[in-house]
């Protein structure tokens, strides 16, 4: 305010100003940095423990045979056989579920974000949230009841499982897609309209293109959410030891159901001296199937991310 | 390819034919495929409502015999049904257990999930961030059966000493009172496992939203002399609030409906107990259905489905609450 | 298009599944082999044995596939009585209503029901330093009811002279699900010591506030996880735990397959049912037998509309109810083989299954 | 409340890439200094090093010295947070916090610094800051409405109010008018003239008329070609730069022959 202070004084004053930021604020900042790092470490602990457990228990069972054979004609306690049928079943059923859920889910998200006005949109938003709360077993019961009406009692086919899974998957796809579409700046849409591009093309070429990375993440999360479902598949698809690739005829095995089933079989009672019998083979099979399932999801994730990297527009 | 067939506006006389009237708001001049596309999108939304209505109808239709049955009839045919209890009083502890487990899980997971999301979006070295995010996403990929196995075989033994310590030293606190479970199969363990399960959902959505915080706002905060945490507090968190709430709701949905992990870990019971460390006090609806469904027949099945209906209603209520919270803050929402 | 895809994919069948149509005629000693798919389900107790039975049956009949959904006894009965499953397994016999429903599907008096899997239920515990204990039925009942809470209780010590019992709390672990194992165990307690065990016999555990777990492997794992736990489970699964020799009369009998099978053999058949229904009224106090047994039944129709189904059911269940089949289950699943005499009674009824 | 800045041989890097090469200049207190030059010449980058905002970009670092009254901003015990509070910044696009009311926006910086501020002090500060930004009369009736509801020019003035509410020594402005209409621009320019009574002001602008109108001294930055670092070509009184620059590049640029 006044010009009479000397240069040295001014320098001293400035120095104080620049160094004396509130110690308390600094401490809070440091503490929060620690807290946030800690949060991350906290999440890594169960992850590492889980992966370690699954890997440690499952890796011993891994072999070409385990991945390429089915469990057909395998006796309890027999360390032969494999999970090929379950891998194929999981891929087909989850694939069909995604085939149903992704278009429906993404289109609904588009409807909500791009068109949604009025009571229908409000109802859809609200009930999508409600739908996330459908317990998986209820989805299974619902599908069994539905297909009993169509095919009569006792029908257990792969596509029933796919429908049950999509009931669970759709709301997750809608919710995450909606969140991602909302983040596309309005300027982009307007820029496109201003170029005379019709709305549907704007949505396809501009909105979806911009948000493709987020959408992929959302879909992958949704797939991950349902690929491990057990209860609905157990009652809607049944179990089998044999290989089946037709989701419209006959039972199929899936990895989580396989893992659960092997787990609940427990120890095999081996007679003494029977070297071909492994007591805890069922547990080993369960862990092996779990490991495979995790590997599949990891693979899907990596593929999704690569797709992302190649096609996502550079936003920033 | 422009598909506008109206004449250039210069030639169009602002005439008496009311050309202006026909086109409503500027964005609504939909022709050709745009209109079809709108119907497809709307159809998808309507389809979801139809599916949900079908599920709800199914629940109501199959739950109805249990809702209309007398307590005596229910006690007769449902194995666990005590005498002289109305259906509501019977489902009550289940609702309580479901909410308790889910809320505890959410209380544990939301702060941690936000922390992880912030870590990935604003704290981690940039080169690492993506890979780390991917790691957390992996948690979502683990099937619930495996969570059940792990929670019981690995986590419970680790938590048991903690629970015993709490039971000894903090039993004055109502939540930690009572006899600590010898096997660790208590609702406290379940809540921790559920928290781990919903963590990736909360993290993934929050992370995306936090990453979208406008650079402008972050720089504005920094330029005012905010520390990194203060920048996060003033710019990132308010912007991401609605995203975090919807992330938490997604997580809550999963926690409420989670079946296998609860089924494999919890020692169920049917009380309103707040003793988190005690076994045999709580049960969640989803696990209850999965547990008793295989052996149920006749009216017992209807009763199970009626409890499923209760879960449905809970989700409805929880979501209404969440919407109300979000709507209240709408004016100051960061989106747009 | 999906069909075409399925055909393409079918070419990727695993090596252990020979495709029968590749060679045309079968090499199995000229006898005709069965083909088609047969899917039943029910009690998970039979699951391991089923695995063995199916494996042998499918090896002998490479074109046939048999599936068994372990959805629980109730689910098995419900699906059987609604006609969804051509055969089912259940830890409990059909009740009157269910029998009526089943007869509506199979035809009057042509429902086949017989014990297929008998297994001792072990009373198992996890107590540091102790592997075997003797307990009288009364003490067992008191322990599971929660009246005896310490391992060094006088009642336990009285049955086990010379065993050093620690001052550990007893933690009872029971089945949380509705199960045949619980039903058979509580039925035993209720029959032998009704004045201590004054609960109704049900598949649901009657005592509240105790620890529990789902499924046999669940209770076994839970028992292994805590010190001082006690539980009951299918004997084939309790390898890592100590077991209890149960008091019968003046003796203490440890569990064994033979002693368990003897219970069914010596018990009378329930009267007033059709010739094809073999249901037993189990006696719990026969000397020399192990009284806590689980009897799991199978049910099928005597006639089926569909010829192929009839042939498959006949072939498969015929294998189950044969000396080899029972020995197989005993080897692979640890069950008690059903006696030759009983097989001799039941097998002809299965042999008589027809279409029409 | 204004201080002098001395930049000495400043080199700025993004990772390995040198974006700005060897800039030395002095910015006088209570004056307006304008940075002009073609796009990509490093003037915004240089501006952001003056309050250490460039550090927000990962991998960015600085060699050389930037001194505020003789104190090196990059000295070992200097806190970047304190630097940014002392040297405020206004951005190209107005960026009020959308989740805060107008009042809270003005108080945002103050609340960060000391939590406890009495209501009357706060009211006073809000009023004085908004008056300082020539915005008071327009918004005094709707202080509790969200800041994002204002027009672009108003939002920018709100951001200025927010900046000066912290009572900085220096205010940096990064093309503050480029997103505004001429009338709002004029309002901001008037405001700059007012502010320079109290603050040292540095403004980056693409608009040479604006530089000529508002600034006392002008620095011209240029770049030799893509991939080359930006350089300070010359700095002088604004009148000199626009009438008789020493360098030919400067003359070409101000006379509109390129850029």
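Labels for the chains are A, B, C and D, by order of writing; each one numbers its residues from 1.
Assume a contact is a pair of C-beta atoms (placed from the backbone, for glycine too) under 8 Å apart; a residue touches a chain by one contact, two chains touch by 3 or more.
Keep in mind that this is a model prediction, so the values were computed, not measured.
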Contact-richer chain pair (by C-beta pairs counted) among A-C and A-B: A-B
Farthest-lying chain, centroid of Cα atoms versus that of chain A: D
Between chain C and chain A, distance of the C-alpha-averaged centres to the nearest whole Å: 37
Centre distance in Å when chain A and chain B are each reduced to the mean of their C-alpha atoms: 14
Chain centre separation in whole Å, for chain D relative to chain C (CA means): 82
Chain B and chain C: spacing of chain centres that average the CA atoms, whole Å: 39
Two or more partner chains touched - positions in chain A: 21, 25-26, 235, 263
Shared interface positions of chain C, touching two or more other chains: 44, 71, 75, 218
Shared-contact residues (touching 2 or more other chains) in chain D: 81-83, 85-86, 112-113
Touch relationships between chains, expressed as pairs: A-B, A-C, A-D, B-C, B-D
List of chain D residues in touch with chain A within their complex: 1, 3, 68-71, 73, 75, 77-79, 81-83, 85-86, 112-114, 169
Contact set on chain C toward chain B in their complex: 44, 71-75, 77-78, 98, 169, 171, 173, 176-179, 202-204, 208-214, 218, 221-222, 225-229
Residue numbers on chain B that touch chain A, as the complex places them: 2-4, 27, 30-34, 36-38, 40-49, 51-52, 54-55, 58-59, 62, 111-112, 114-116, 118-120, 123-124, 132, 134-147, 149-150, 153-155, 196, 199-201, 203-205, 208-209, 212, 215, 225, 227-230, 232, 243, 246, 249-250, 252-254, 256-257, 259-260, 285-286, 289-290, 293, 305, 308, 311-312, 314-316, 318-320, 322-323, 335-336
Chain C-touching residues of chain B, taken from the complex the two chains share: 79-80, 152-153, 156-157, 181-185, 263-264, 267-271, 279-281, 291-297
Chain D-touching residues of chain B, taken from the complex the two chains share: 126, 214, 216-227, 230, 234-235, 238-239, 241, 331-334
